[in-house]
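Following this line, the structures themselves.
Each of the next two complexes has subunit A plus one other chain: subunit B in the first, subunit C in the second.
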Partner chain A sequence: MVLKVFFPSCCSSAESGILIGRWISEQNSAVILAVVHFPFIPVQVKHYLREVQQVTKVSVSVLGSWNNSKQEKEESLSEFLEDLGTIFSHEPWIQISKEGDSKFWNCSTLQKQSDIHREEEIILVYYDQRKVMLSHLHPPLDTADHGAEDASKLSAIFNTVANSKVLFMTDRYDDGPIKMTHWQSDGIEASIIVELMKQASVPACMLLTFLLSLVSGVCNSRVLKFWPLSFLWSKLSTCEQLGHRLQHLQVISSSKKAQNQTQLMRKANIFVSLLIDVALGILLMSWLYRKNQIGHLADTLIPVADHVAEELQDLLQWLMGAPAGLKMNRALDQVLGRFFLYHIHLWISYIHLMSPFIEMILWYVGLSACLGLTVALCILSDIIALLTFHIYCFYVYGARLYCLKIYGLSSLWRLFRGKKWNVLRQRVDSCSYDLDQLFIGTLLFTILLFLLPTTALYYLVFTLLRLLVVIVQGLIHLLVDLINSVPLYSIILRFCRSYRLAAGVKFRVLEQQDGKPLRLLMQINPLSYGNVVQTYRLPTYSCYPKDSWTSLCKKLFLGELIYPWKHKGEKQE
Partner chain B sequence: MVCAQVETSPRRCWQKVLYERQPFPDNYVDQRFLEELRKNIHARQYQYWNVVFESGAVVQQLCSVCVFVVTWWYMDAGVLSPQGLFGAALLTSLLGYVLFDAIDAGVGRRESGRTRWADLKSMLVFTAFTYGFSPVLKTLTESISTDTIYAMSAFMLLGHLIFFDYGANAAIVSSTLSLNMAIFASVCLASRLPRSLHAFAMVTFAMQIFALWPMLQKKLKARTPCCYVGVTVLFALVALMGLASVSSVGAVLFASLLLSISCLCPYCLIRLQQLKDNIHGPWDEAEIKEDLSRFLM
Partner chain C sequence: MAERRYRSASGAPLALRCRQHSASCRELAVRCPRLQLRSLSAVTSAVWLAAYGLFVLCENSVVLSAAIFLMLIGLIIYLHCVKIDQESLLVIGSLGIQLTSSYASGKESTTFIEMSQVKDVVINEAIHMQKVIYYLCILLRDPQDPQGVSEVVPLFQVSVTE
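Here is the complex of A and B:
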């Protein structure tokens, strides 16, 4: 079996000493973590390693010897190195020696117990200790047997390096009893600002938590939970978005430490998305309040609403005639048309009643943009919903009428054929009706059948209008969801520090010489952007129903009401 | 006898069973096979005049449709006033109602357990609903082309004739569907009339002629066959005369249709019956004779 030695590339110029690291016997490979220089006292080394083992839970041990001879080969040293193997008993004892500035190293193993001296093939794999330590391996999602096995092998190596972080984090100028070479972090002093921010974040988080608990306490108070109010809250997307953001803030400010990489990334993603959101919101606000944009907006809003109402009136007039040459029932047509016209009249007077206050309302509403762009967008969506309330009403009336007709026709059609729907057996049974039942049923059937086209046309037109509004609202919500869910921190990390999110590794074959071990360079494959988004996407509250297209069409055909929000009791398909 | 022959031979007698192993191929049969062949066991021998009598139901229904259409024609032309039609219909209905009970001296009513109060209620429901809906009926098909209405009514009346229960035991028969089609046709035609009172009278008349009249006929046919024949002939003559006043060609065609149905068709049936050649035998699929409906309950 081939013996693999993972060697940190930063140790290649270290002075002679012994190699410490972890032996992974299942893979027959050694992960070298550091080189301990001469001189050292073996007892101290053993003691130190025990301490490290206790902290990191990684079985760090002395794996072999390292000989970096600048001059000619010294016989005595090599003998001494071999003898070290008896002090630190390890099986097999790896001996690596570098001569001068030669790229090619000598590697050999000593098997003390077995008498037969097996000549094992050795592969030297160089790795960047810093990158491997910092990177987080994402095993492939499709768990094919082979791929999963490889991934678990690789993650063992990654975990070994990552877990022995303590080894590298010691201060550079801190002289311990043992001198070692490994990748050296810059220590706490280098990132003084980060450390200060860490210290400051604790009280900030506590303050935030206190404020949040106050806010959520007010939100959960019983006064706001009564029926009409709670119904209103559940239908306003602004409230949903605010609640969502509140949860985010709670996640960020929680004093609990993130358990693992995923939670850490989640926190960071939420934080960055919140920051970006608020920044965009403040940008929007600064635009709105400059040069009295709000006033312009309010001035255009009323004429637009009037214009929409006029257009609707024209549409109704057209429907009351002979629209598209369709044969409508004149009497019903007139009745429906007048009913809807009166409704529009009511709507216009309501808008005009509101018009003096609109600018003030908009001014105060615009302030909410400082809570974030998403909140502002949600408010926009709610305002659209309120301003197109007449369309919604028309749609509901049309749909109810149409639904009534469709259900009536379907059951009367059964009566027409002398059948009925058996509720207990869930099927159509034949049935003998009385004479008067038949007569009235058929009379109603005839009337409903001839009135259906008129109702269907009104329903169709208003459904199209409603769908238009729903699509606009849906687009706004899509944007909000996008801002809510995009893992910006992960994407920036992938862009700037691509090794931090590893999908796997690739090996590059370095120059080779006969008789010397094979040398490989391990490089980290970054995760693709699609996978980054897929893995770290933030969960969103989805307030709209996930209907398939067919079920949507069926609902439209049967005249059931379509809402852009989800019903509580509705089953998810 | 066959077995006796077989016994002389060393082979065993063939049995028509599958559960025993026999030295014959699976498709083997012996001479006894065709002994069980029967011919025309279910074929009935018809008497000519009986068939003519039974065809009266078809003639009656054709005449009903004819009378209805002619009445609608008169109403549309303005010859017949709605009040007149309603009054006549009311009178005949009352007459028929009395007759209905008089024929079997109230036995049928006692058996069915239907009270006079229920009859009155039904009558009130009919009139009230028809009267209430007549303005709606009037404007119902305003925007639809007259030809469409005619085609629809003709189609519906044809359906009424096809699905009507003439006493045959066939799957296609559905008295509910047939009555509903007739009502649909009458509503369609009534909506073409000039005023809502016309529509009301027309629909009431349709109800009487398509729902009540066949009930009386059925009872007449069962109790007093002679009377039934007389009524049928009279009704057919009335229908013919009505049609003749509208269109003489139509009357001639209709008369020939009635004649062919009542005289020619029975003759053909009896002639063709003789050519019947139905074979029955043990190869027929099993027929369940017992009434299984009690298991389905």
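Here is the complex of A and C:
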């Protein structure tokens, strides 16, 4: 098996000394973490390593020697380095030596016990200690399940470097008994603002938690659980969105520490998405309240609703005549048309009753935009639902009528063929009918068949109108979902610090010389943006239509009511 | 450093280059034919002819600027995401296998498969259009079930089918 030496690239200019790191025997590879410089006292080194082992739980040991000779080769030193192998017993003893500024290093191993002297091939793999330490491999390992890490994988190397973080955090000016070279952090970053914010965040979180518990207590109270109110809450998308945001706030303000990387990222994502949402909402609000936009909006809203009603009236008049040259059943056509016209008349009077209060309502509703853009969008969706309530009503009437006809026709068609639907066995059985039954059935079948085009036309027109409203609402909900679910923090992290989210590693072959070990550069392969979004997407409450296109078409054909979203604001009034 | 010439399944010329970095490390690279000036100019002139035809019909200069934008964006997307210039396979003994495909724009996408994940390397056959083609693929071990195969990774995918 080939021996692999993972060497931190920051140590390539270190002075001579010994290499410390972890030996992974499953992979036959050595992960070098640091170089301890001469001179040192072996006992102190051993003691220090034992301390490090206790803290980091990584079996750090002395792996070999490192010789960086600036001048000519010193014979005595190389012998001395071999002797070191007897003090720190390790199998195999790795010797790396660098001459001058040469890029090509000598690398050899010393096997003391084994009698067979086989020439093992050595691969030198350079890695960036800082990036490997900070990066997180994806998909995240669920270490809770396995307990021990799988030492035969590359993630073992990542874990080794990440766990020995304590080793690197030592102060560079702290003169200990041992001098080492490794990636050096510039100390823990500290600024007054960050410290103040950290201090302030704890009471702020506590206050937030208290307020949230109050709000959720009010929301869960008995008074709001009675039938008409609870029904109303479940149909208003604004309430759903507010509940969703409440959960988010609870997650953020909880005093529990995030246990692993996934939870931490989730919290950060929620926080950023909440911030962006509120910022957009406040922007919207500042625009709305600046030049009395609310008043303009209210002034245009009523004429628009009036206009829609008028257009509907015209449409009904057209349908009551001979729409597109079709000849309808005149009596049924007139009855249906008058019925819908009366409905519109009622609707217009309702709007005119409402019109003095619209501006005030809008003014108060606009204030809710400070809770976030998503809340404002949900309110918009609810307002659209309320203002197009007549279209929904027409659709339901048309659909019910059409559905009745279709079912009647299908059952009469069975009678026509001498069959019937067996309810107990859920299948079609043959049946012998009387002459009277057959006569009446055929008569009804004919009547229904000839009246079907009139109903179907009304159904078709109102279904198209309804679909238009549903599509507009669906687009609004899609936007809300997008704001709710995009993991913005992860995307920014991937953009600015691409090594933090690693999908794996990639190797580059560096130039090489004959007789010298192969040199590879290990780089971090960042996660693709699609994967970032897929991994860290925040779950949303809204469910997309579960039925496929064919089942949707089937439902439309049979006249069953379609509910594209579970939460709809059309049913209440 | 030997370069050998082959033909792909559709008859396009391919160049295979083997490099032995060391005893346990070897690189295989398949170079696909570069973007031909002929096909590029053919597509450009076709788009422009169509745009001019539309322009003559509807006498709106927006059509022409739209054609320029479409052409540019299409070319960028083609060079950056579709056209693969070279696919290489780096086999490092006892460490793993690295697949790299470099696009015409210089973008490289790399996947590294650890040796412990590799279950086997097989030659598979597939039906492509009206013929049967053969391709090399790596079978990945399923971590839950040691006998099972979790994924089949085809090698030199574009070079085979292009």
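The criterion applied here is as follows: the second predicted complex is superposed on the first by the 526 of 573 C-alpha atoms of A that agree within 3 Å, B and C clash if a C-alpha of one lies under 4 Å from a C-alpha of the other, contacts with A are read in each partner's own complex, and residues count from 1 in each chain.
Operating definition for what follows: contacts are C-beta pairs under 8 Å (C-beta built on N, C-alpha and C of every residue); 3 or more make two chains touch, one makes a residue touch a chain.
In this text, all values refer to a predicted model and were calculated from it rather than measured experimentally.
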**Message:** After the superposition on A, what does A:Phe271 contact: first (subunit B), second (subunit C), both or neither?
**Reply:** neither
**Message:** Under the stated touch criterion, which partner chain does A:Thr446 make contact with: subunit B (first), subunit C (second), both, or neither?
**Reply:** first
**Message:** Touch test for A:Phe80: subunit B only (first), subunit C only (second), both, or neither?
**Reply:** neither
**Message:** Going by the contact rule set out at the top, does A:Trp233 touch subunit B (first), subunit C (second), both, or neither?
**Reply:** neither
**Prompt:** Per the overlay, which chain contacts more subunit A residues, subunit B or subunit C?
**Reply:** B
**Touching partner for A:Lys327 - first (subunit B), second (subunit C), both, neither** = first
**Complete:** Dual-contact residues of subunit A, meaning touching subunit B and subunit C, are none
**Request:** Within their complex, state which residues of subunit C touch subunit A.
**Result:** 21-25, 27, 90, 92-96, 98, 100, 110-112, 114, 116
**Fill in**
The answer for subunit A against subunit B in the complex is residues 322, 327-331, 415-418, 432-436, 438-443, 445-447, 450-451
**Request:** Flag every residue of subunit A that touches subunit C in the complex, lowest number first.
**Result:** 1-2, 4, 27-28, 121, 123, 152-154, 504-507, 509, 512, 517-518, 520, 525
**Prompt:** Residues of subunit B touching subunit A in their complex?
**Reply:** 122, 125-126, 129-130, 133, 136-137, 139-145, 174-177, 179-180, 183-184, 187-188, 203, 207, 211
